[in-house]
Every structure is written in structure tokens, then in C-alpha cells.
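See the structures that follow.
Two complexes, one shared chain (subunit A), two partners (subunit B, subunit C).
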Partner chain A sequence: MANPVTAVPEARPLLDEAAVRELSQRLGENEALLERRLEALRVFADTALPDRVQHLWRYSDPSRLLPSAILGAAGPAAAAEVPELPEGGAVILLRAGAPPLVRLSDAAEKMGLRVAALELDGDAADRLGTTVPAAHGFFEALNGAAWSAGLSLEVPPKARLEGPIRIVVPAAAGSSIPRLLVRIGELAEATVVEEHAGGTEESYVTSVTEIEAGPGAHVRHMLLQSWGAGVAGHLTTRARLDRDADLATIVVSFGGSRVKMDLGAVLDGPGARSELVGFVLGHDRQHMDHHTVHSHRSGRTWSNIDFKVALTGYARSAYTGVIRIDEEAGATEAYQENRNLLLSETCRADTIPELEILTDDVQCTHGATVAPLDEEMVFYLESRGIPREQAERLIVRGFLEKTLSRVPEAVRPQVVEVVEERLSHFLGGHR
Partner chain B sequence: MSSTPVFSCRNVHVFVEDKEIVRGVDLDISAGEKHALMGPNGSGKSTLAAALMGHPGYRLEGEIYLDGVPVSEMSPDERARRGMFLSFQYPVAVPGVSVANFLRAALSARRGEDVPVREFREILTNAFSLLDIPKSFMGRYLNDGFSGGEKKRLEILQMLVLQPTFALLDETDSGLDIDALKVVSEGINRASGDDVGVLLVTHYQRILNYIRPDRVHVFMKGRVVRSGGAELATELEERGYDWLEPELEPVAGR
Partner chain C sequence: MRATDREIESLNQDYLEKYGFHDAEEYLLKAPRGLNHEVVEMISRYKNEPEWMREFRHRSLDIFLSKPMPKWGDQEALGEIDFDNIYYYLKPKGQQTKDWNEVPEKIKQTFDRLGIPEAERKFLAGVTAQYESEVVYHSIRGDLEKMGVIFCDMDTGLREHEEIVKKYFGTVIPPADNKFSALNSATWSGGSFIYVPPNTKVDIPLQAYFRINAENMGQFERTLIIADEGASVHYIEGCTAPVYSTDSLHAAVVELIALKGAHIRYSTIQNWSTNVFNLVTKRAKAYEDAVVEWVDGNLGSKLTMKYPAILLVGERAHGEVLSVAFAGSGQHQDAGAKMIHAAPNTTSRIISKSISKGTGRSSYRGLVKMTKGAVNCKTHVECDALLIGERSRSDTYPTMEIAEDDVSVEHEARVSKLADEQIFYLQSRGISEDQARLMIVNGFIEPFVRELPMEYAVELNRLIELEMEGSVG
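Up next is the complex of A and B:
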């Protein structure tokens, strides 16, 4: 056993071995899981708070995403309502300090959907951290050592679930550290809707989601971030796709005050496909920082990213997108587009697309635009009698439409409602 | 025929930044009349058309009247709701906004009230069939990925649906093959009843074989240099524009 690990650098919240052991014991997890925590803690102790000169942290101050206390300060579990059970699917409420609340439809039960508290999943330790290791970064190491609301989800091979699996993760007062481990078996098909909601000024969320998609699996992963004003959050998701696996990620991010996301997929088998579509809406003084990675490790793989940002007020957004193609990953196609719509003169968007391509045998394009509303579009609609404000709303709604149409039906009404509500504030304040 | 023209303009000058593109235009178009404004490329025809509609990129001096009401201080959408219509030379694509949703918003705005669903569907069905546009276009995004000809058809379909009292048609004939030109012309004729005035802006005489103009104005270097009857268009077709070049003194275009 290594020496007790204590990580107390300046300006870093206290997280020591005793606290981690206490957490592990409280959750009743096995020795293997505790060992994973301690490994992550050692990495955490050796990892400095990200330096702002690192390009992924150029746009956000990591110290503002950190709670003052990581453990023991979580308030009582948020008394969130369990959302409606989607037809043919499942719903899970994942809160710190309480076991997950789970409701399965008959269909979900029949096809063998397995849902467990992560701490009680005896086999989880073998898989935990394989897609997002502690070495991924500061916040991921923190999560690996201190996650306190864990979920293990498994769709058995060849199972096909009609309805979505909704996972609702409310932000508690204080620090929330959710960890989701999702496995979609060979040739299985499932839609997973991960909803981060709630929270206030005092809420800090550090979440990690790992998705393993087996050979030929079809996965739709919706990530819906609708935190309350004031929330500071860091979300990391990674999917690892086996051969011929097909992943569609839909990201909608509009809540919180300081938000950073690191989203991506590793295409780890020939024939794997990953598509990510998403939009960010920023208003007031929201700070939104989204990063995507498509990492092609195998040949004959395909990826596409269509990421949109619409800002108003004093909102700020940064988008960084990386396409990485290994030397062995020939016959690969990878595309990436980021479009930013500035709806006020006081908002700001940065966009940095990056390519790291180590083979010639690829088709790859990337593009980025940052622009205000197109006045020619506005004039065209006005020339048909449509008043300017309505014309603007139509154009912005149109900008988001293609992505909206991809949002799973179970959550589409709530997403549309927010979009409409935001649009009603976009009223012509920026001529 | 009413004594007040559906459209007039007086001493209209149009500037792009400090450059004067249109240098004094007067026109009167009465209900039931079709006028053609013909001129070579670069004469400022399209600038005039866009400026009359209120394009924010142009500064217009002079006065414009719709049914005798001065409108040059009004926003483009107000002008449109008062019955003015511009068929764009290059219609703008608006991705994500379906043709049907757009038409519905436009027609409701024009009428000042929501259009009942059933009536709207009927209007659309008729207009789409008249202009020979597949109904599937209703669900497509406005002008997004449309061919040049499809865009022009959709412009005239909008004219049919919105029923303007004064229509400015900017190079509606360009980019149309002969069959499409016939269909579009028929749409224009259908939409221009006795209470509608039309100003056809065009480089070529071709479309005038299908739409007989009551008056033809030759527009060069920002001015109307000659006005006449339909025969003037034929003369232009035969002789081109050069012979009018010296006549750069403005001629009243009424």
C-alpha cells in the first residue's frame, strides 16, 4: 500500500485519503472500487489545476468551476421529482447521498436492462476509467476519486429498447459528483438521455460519463444541460466505439452560469461511426465552453460534428473541436462544422477547429463561422410583411431546427419550450 | 380605374454609401397597369428595386407613394403589409425555416390576422399547382438548395399568395428556361388583376412576349432616358441600348 495521499495544494479544496475512504465505506462499495478511487486520488494529487496557457483552458478559469469543499458539503439530496416513465423505456433519478431511483417499463425489464448503483456493481471496477481515466485531466481525476452519485447501466447484447432511458441528474446545493458508466452490448440498440438540471448559485457539478458501445451497437446519447442560473459545472463524456458501432450524440446546453464540457468519441474499431450534433444557447452573462473530440483509431471509420452556438446579452462561448486520425486509421472520413450566431453586440464567441491527422488516406473537412444575423435574410422576410422581431426569431429558430429535429421525442417538448422562451427575449435589441 | 396611382415615386435618388446610383426617377403606375423598366447591366435597376422596398444597405432620397400614402419612412415590412411586393433577383435562402411556415407567417402578417388552417392549405395547394411546384417543397427549407428556376417560381408563388397591390419584379425572367418562363409569366398575369400595378425590371425583352407591358421605360446610368409603349421594347431588342446612350437628359417617366 502506498503512503497516504494528501492533496492540498494552495487554492485547491481538500481531498485526502481519509475522506475518500470514508466516502467509499459510506457507499458500501467493494475493495476494487476503493482501489480505483485511490489510484485516481494519486493522479489528482500529482495534477495541477489546469494552466490557463493550455489551449483547452484558454477560455475558462478552472478555479471558478471548483467548489470550496468537495466532500461532506453536499446538501440533502435534491427533492427532485422522478420524471415520467417514457413508454417502453426507463427513468432513473441519480442524486448524491441516495441510491438511484429507478423505474423500468415492462419492455425494459423484459429485455434485461440492468441498472445499478455504481458502488454496488461488483464488476464495475474493471471497466471504470477505461474510457475516461483519471489521467484524462484534473476534473476527471477529481471525479474518479470522489464521485458520490454513481450509476451503472447495461443494455445486454442484441437487446433493442424502443423507449429512451432517461437519467436525470439534479445539481445539489454544494458539490455534486456524478459518475455514469454505460455499456451497450453487441448489436444492441438504445437511446440514453442524460439530463443535468436544477441547482443554484451554490451548486458545483463535476460529472463524468463513460459509454462503451459494443460491436454493431446503435446508441443515441442525448446530453441535455439545463442547470439553473448560478451553477458552475464541468461535464466530461467519452464513448468508445467498437467495430461497426454507431453513435449519435445530441447535445443541448443552455443552463448554468459557468459551463465547461469535454465531449467525445473514440472510434476504436473498423466501420465505427459517430455523429455529434448540438447547440448552445447563451444569454445574460453565461460563460459556455464546449470541447469536442473525435478520435479515429481504426480505419474505415466515419465521424461528423455539427455544433451551433447562439448568443445574446453578454454571453460568451468558446468552442474547440479536435479531429484526431491515427496513422493506422486509413479510409476514414471526418467532418466538423461550428457555426456561431451573435445576437447582440456585447456577446462573444471563439471557435477553434483543430486537425491532427497522421495518415493521408482520409477525407476531412472542417469549418467555422462567427457572424451576426444575416441582414439579407432579415430583409427578405421583412419584404414579405414579417416584422423584424418575428423575422429574427424565425431565422434563429431555423438555425437550430436541424438539431432540434434530432432531439429524442421524450425530451423534445421541454427543449422546444426553452428555445421558444429564449427566442422571445432575442427581440431586436441589436440593430 | 382609380385616379390615384397604386405606386408613384418622385425625384428618387439612391446612394450606396456616398455613391449615387439612382439619379432622379419619377414613375406613376396605376392599378391594372404593367410597366417594364429595361436597361443594361449595371444601370442601377436592381438597386432601385431594392431601395424602393426599403433595403437597409441603400439610402433613398425623394418620395415613394403607395395608393397616395408616402411610405419612404416606413420599414420594409410595413411597406409589404401595405401591399408592396418585391420579387428578388437572387432570393435569399433561410435554412431551417420551411416554405409552409414562412408563407403562413407572411400571409398572416399581410392580412393582419392568422389565416385559418383550412383556407391556408387551399391557397397553398392552388398556388403550388399553378406554378407547377411539387407539393413536397412546402416542407423544404426556404430557398435552401433550390435551383435558380425553383427560386423564381417560389417568388411568383409568394406574389400569388400575398396578393400585393404593387409588385416589383426584379429580373424574374433570368435563369428560366422557356417552359419555366411560360409558367412564371402565367403566374404573374394571374396575380396582376385590375387592381394591381406591376413594375417589371428586366434586361431582356423575352419575358415581355408573355407579359404585355403598357409602358416601357429605358433605364440607363441611374435615370429613365426614354419612355414609350410596348413597341419600345421591340426596338430595344433589335437595336440594343447603345443608340440611347447620348440621350442622357432625364425624361419624365410618367
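Up next is the complex of A and C:
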């Protein structure tokens, strides 16, 4: 008996070839990049809006993350302050409708850090879409065809950058479609801070970041999502790790109103290591949906995920995580942990930590918990004379502390500030 | 060819000698292949069922025909099911009997090989031996009858205790629950019906053996167990099946109802031959202070999809699922558990152990749900997987949906292979590698085995031993 085909939902934004060609021409791209866009457009045309039967979409309505118009409706380039240049690093402001604003420290310049608008990087077409192809999904195909704020970043082999590379991506009114291509050369070391900020209830973001880490490279990737209230956004990041490459991903997500993220790393060479730590803070009526993937394609690889969620108000979080270990990836270790802290009676947390293991030579564990504040801990602190409010604040800080300590210095103060502010709201009978 | 490859290829080729056997078929009535309203009408007419059941079957058939196949799970294997090539009803020769001597010789031989008379001599209460779609042998010990316990096959239950059946039938698993429960609701035949009156404790486990013995025959048992307030009962179901050349479908529906303060334990060991699709819906409803336990072992079949569920609808109800799955080469054990906490102070525990060997694949698919208002609930989920052979596969798909803050939810999973150092240690004590592997596997499933009655534990250990034979890689 054949399965009936699910009808393609109607709420699908229009994107045609003429518009894509026009965009490409406006950006001054070469023929190869235009070809990539048209390929993605063909995939997009054949891709239905995700069916909510698919478990990764069980908790979020894809149509609510989509603007009615993808191209042509974008407002003027979002005004944003260029953050301070971190010592020994670089700062980049990435907006649609304007070339990326770049400031490099002397050290970064000397080391040969290459930063360019993606549309003007002559070699980009060969690598674009190799880590996140258009076939990845609906939003990735959309991005591949219609990205309008592109950045190409390359850290040359063996270079060691002391300061972070800070990339600020403000959300514009209407639709923002950023695309980041990051390459870290063999044995190079770098910290990349990707910060999605700003925006209002009229903002829709569909972003894709591809990271390639060469053999033995050390990469720290901080993803900070601090959108304004009302923003709807879909972020996809994938890192492909070559032999002995080492990636640390730090995710902090607390902004926006409807947020979905698809984060992951592909361990594609023997000896590769990937660690992902992160936390989500949800308040009011925020809808937060985060997905992590560690895909082990090579042997002797290692990965770990420590993902935390703390919710207040009517916030809702869904976390889905997958560890996938291929047949060829023997002698592999993979760990995954998801902890959810429920700080109000009206919030809701769903968690699906998954394992798909296709070979036997592995060590693999995962764990997930959902619980309110531990009353015993509160009681213990109160018994030491600490007022209840302060005790609660201490416990939540403790819950987040391990991840907070991993946040790069350049953005840590602003992250701590938000955490403190949220905690003070939570205090004083906000439950 | 490497030793592991040889082992993978030879696995289950000797199923016949190991535990498969096949007797010639003898039937009084065999419905034509395929399913339509005429077949359903025929089944209902033949069984002389009341009007409401006839309508229930027809309604369920409409639901079955309108529902799509599940879009999740092992799509490839599910796609192989050909609903039009299945016999939906067979009536075996011989009338229902209460005396062992009256059971036809052929069927007796089958049961002899399953060891039923042995078991009965020991301490079994009653044997409802399901041969084909109808119960042929059935005995209830006198003291059970004196206690007012009803233990019979589902067809008899419907005939003799219609008011109880009508009250509970299809209330825990409605036909529209899923495609296979709709199929069962339309075509069910046989299965067990148990009613335990208030404050009655059945001290000895009630057992039924199930068998399938016809090629291309679907088996659609329907089991309904009701433990009235303060009652307790342990029901055991065990299956083995002979070897077939073409696929066979098994889609049972099992409903358990534990009223206030009642206790039901339902134990299963299934060892279908590796061409059987075992797509079973099992669900229990636990009222105030009730306890329901599913103890579930899955060894055979080509594809098993089975997620015993417990709806904790009364305060302080407790649910447990304890399961073991063994997937040999070519098999997919897609099993799991569901716990729905719909009342305050309810607690649950899920322990799942799976072993994948050769090219076998085992999946844990589970759901823990805490609804709004289900305060002060606790659940603990533990999944352990053991992988034997580099082409084996293990998946874990747990889902936790939590809409209440005053709860505690814990989930853990571990996946590992047979540890070389453990084998080495045992070998250094003079134990052969084969023996060492077997000991480790038996140790791995020990928490499950110790929950089984003794003769089942012995049988399970023997089955594991057969599965592990020649597994030195």
C-alpha cells in the first residue's frame, strides 16, 4: 500500500530565477557563484516546507519562521554600532545592502587574516555549499539561492590569532539572509564570535554558516543569539573537521520570539574532536527550538555536548540532539547531555536526545533531565542565612556557570548582563 | 572471509534445527486472502457476535483503509507488508476443549515441543494455548473459578461476559489510534480475556502460549485484562513460531485496565521467526494508586514495532516498563515505551536493554509526557545498548515532553561493545571466549531476567545461548 503524498503547504514565499539573477548581478558576483545560487534555487523549488510529521519540526511551525517576501522587501541596512576592536583580533559588521565593514588589528593583518564580501571572493564558489548543501533542507536551500549578506573569512595555515574575530550580524526589518563561509587553515588557531543581534517583530532571519577546519586546526566558535523581541529566525551552522582538528562551539541563545537553530559538526578525519556547550534562556512567550548534531564519519573521533535550558514565564523550548556514528567510525567516543530547568509553572520543555550508532567499537552515552529548582539546595542555602531570592539566583547561576566560563572574554560581559537581568526578573515571586 | 562475516552469514540459517518447527496445516475454515468488508462480515457472522461488535469491526476497517502507513520507523521493512496477500481468519480443526486428552494430536506435538505440559505440571494456573486464530485448549484451575476470576479467550469472553467486555473493549486503544490497531479492531480473533474481581489476589501467574502455524497468515489477537479495585494479577505470554518462506504479519492489541489500587504485571517473551512483522499496540490505564508493569522480551521477528504504554490517570499511580531486545542479523527490533503522566504524584521507570549482533539493528523509541497539572511526578529512563559486530546498529530516540515544572525527569543511555578487557579477564580465569561472551551478555540482561518466573528465565537464557553460538569474532 503506497503512502499518500503530503500536499505542499501553500504558505511558501515566491522566489524566481529572475529575482535571483537580479540579486547576483546587483552584488557583482562571478558566474560560478550565480551557478551555485541557481542550483540551490532548483533544489528549493523541489523542496516542500518541512512537514511537521518530521520529528525535527514537531515542535515548531516552519511557516512562522518565513517572511512573506524574501527578496525586494528588505528594509534599509540595519543601523548598528561597530563594536570595539578586540585586542589582537578583528571586528566585522555584516549587513545586506552594504559591503561588510571590517576592522583588523595589526596582529590580524600581519598574520594574513583574509576577510572579504562573499560575493567578491573569486574562489568561494568551489567551497560554498560543501558543508551545508542546498539539499540540507528548506531553509538552507532558500539561503543558498537568496543570501544577500555574505562573508568569506580565511585564517591561513599555521596562523595563530590571539584575539577573537567578532562578526556582528544585525537583523534588518523584513528578511535578512546572511551567509558565512569560514575556513581555518591547517594547524591554525582562531576564535570566531558570531553574533546575531537587533531586529523587531518585522524581522525574519535565515542564516547559514559553514566552517571548515583544516588538519590539526583549533577553532573556537561562539554563537551568540541576542535578537530583539519579535524576531523570527532560523540559524544553521555546520563545521567540517579534518584530521586532528579540534572545535569548541559555545552557544548562547536568549533573544527573538520564534527561534530555530540547527547546529552541528561533522567529524570527517581521524582524531577530530568537537565539543559543544551552550545554554538557552527563555522568558515571556519565547519559542526556542534547538537541534544539535554530531556526525562521526571517521574513526578515533571524540565529541561531547552539554546543552542547558532555563525557562521562565510562558517560554517553550524544544531540544533535539543526534549523535550519529557511521560504520567506518570505529574507536569513537561521543557524549551528550541536556539539562532543563523549569522556573515557572507555565513554561514547557521538550527534549529528544537521539543516538544512531552503526558500528560496535564505540563508547557513547547521553542523558537528559527536566526539573524545577532543587528545593533541597534552596533549603540548604536558606539554612545558611541566605535569603530565598538570592539562593535561587545562586543556583541558577551555578547551573549556567560552567557554560558561561567558556564564553570568550570579548562578549562575556554582555552575556553576563543579560543573564543577571533575566535572573532578577525571575526573582521576587515571578513564578 | 573473516570469522565475523562467516558468523553473520550463517546466523539464523539453522533456525529450523534450533527452535523452529512446522506442522502441516489443518483448518475448518480459511477466509480468502486480503481484507474487505465481506471478510470482516464473515468473521463476525461466523463468530455469531453481537451487533455492536459487528459494527465496531466495520467501523474499524474503514479507519484502517483511510489511515496512511506510519511515516516514521523502518520505512523499508514496513513497505514490504502486502496487506492483500494475508489470510485474516483461520478456524482450526477441533472444538474448544478443557481436557488435555481431547486436544488434537498434531497440536499436542507442537505444545510438547514448547514444553507446555511440563510447565503446567509445575505451578501454572491455566493454559490458554492459542493455535491459529482460535483457542483450542483451555483450562482454568478450580480455585481461580471459585475466586470469581475470569480467564478465557477473548471470543468466549465476549460470548459469556458481554457486559464487561462492552464496557472496556477499545477504551484504552481506540481503533483510530493507529493503522495497526484499526486493523486488529476489524479482524481480531482470539487473545485472552481476564477479569479479576475487587480485592482478589491471583498468586500464580496466568499464562497463554501463542503460536502461528500457517504461511501468510495474520494473527490478530486481542487481549483485555481488567483488575478491579485492589486486585492483582500477573499474566504471562510467550511466543515461538516456526519457519516460513514468506512474510507473516502479527498485529495484536493488548489493553490493560488497573482500577484503583490494582496491580497488573504483563510479561512477554517473543521469539518470532525472522520473517514475521510484529506490530503490536500495548497500552495500560492505571487509576489511583494502581501499579502496572510491562516486562517485555523481544528476540525474533524481522521487524518488531512495539511500545508498551501506560497512562497514569489516577493519583499516585506507578508504571514500569522493563524490556530486552535482541536483534540478530537482518532483524530490526524497534521497541520502546511510553509513559503519560496525567495525574499528580505519579511515578514511572523505564529500563531498556538492547543487543545488536551481526547486521542486527535495535532501536529504542520512547515517550515520557507530563501534562499540565501532573505535579510532583517522577520518571527515570535508562537505555543500555550492547553492540556485537562492527556492522551492528543501535538507535535511541527518546522524547520527553514536559508541561509542568514541579516534576523530575531523568533519562540516560549508554551504548558500548562487548569489552575486550572483560573477555580477557574471564579468559585468564580459564573460561573460553565463547563462554565469556555469553556470560557478559547474560550479565547485561540479568536485571530483566530476574524479573521473570524461573522457567521463563531458563528459557530466555537458553535462547540467548543459541543466538550467541559461534559469535567469536
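What we mean here is this: the second predicted complex is superposed on the first by the 418 of 431 C-alpha atoms of A that agree within 3 Å, B and C clash if a C-alpha of one lies under 4 Å from a C-alpha of the other, contacts with A are read in each partner's own complex, and residues count from 1 in each chain.
Everything below uses one rule, namely that contacts are C-beta pairs under 8 Å (C-beta built on N, C-alpha and C of every residue); 3 or more make two chains touch, one makes a residue touch a chain.
The shown structure was predicted, so the numbers you read here are calculated from the model rather than taken from an experiment.
**Student:** Determine, under the contact definition given at the top, whether A:Q390 touches first (subunit B), second (subunit C), both, or neither.
**Tutor:** first
**Student:** Could you say whether A:L381 touches subunit B, subunit C, both of them, or neither, answering first, second, both or neither?
**Tutor:** Only subunit B; A:L381 stays clear of subunit C.
**Student:** Quick one: is A:C347 in contact with subunit B, with subunit C, with both, or with neither? Answer first, second, both or neither.
**Tutor:** second
**Student:** I'd like to know which partner A:R26 touches here: subunit B for first, subunit C for second, both or neither.
**Tutor:** Touch status of A:R26: no partner.
**Student:** Between subunit B and subunit C, which makes contact with more of the residues in subunit A?
**Tutor:** Counting contacted residues of subunit A, the larger count belongs to C.
**Student:** Considering only touches as defined above, state whether A:L400 meets subunit B (first), subunit C (second), both or neither.
**Tutor:** In the superposition, A:L400 touches subunit B alone.
**Student:** Taking the contacts subunit A makes with subunit B in one complex and with subunit C in the other, which residues are shared?
**Tutor:** Residues common to the subunit A contacts of subunit C and of subunit B do not exist here, since the sets are disjoint.
**Student:** Report the residues of subunit A in contact with subunit B in the complex, numbered from low to high.
**Tutor:** 374-377, 379-388, 390-391, 394-395, 397-402
**Student:** Which residues of subunit A touch subunit C in the complex?
**Tutor:** Spelled out, the residues of subunit A in touch with subunit C are 1, 3-4, 53, 55, 327, 330, 340, 342-345, 347-372.
**Student:** Which residues of subunit B touch subunit A in their complex?
**Tutor:** 53-57, 75-77, 80-81, 85-86, 88, 91-97, 101-102, 105-106, 109-110, 141-142, 158, 162
**Student:** Along subunit C, where are the residues that touch subunit A in the complex?
**Tutor:** Those residues of subunit C that touch subunit A are 68-69, 71-72, 81, 83, 356, 385, 387-418.
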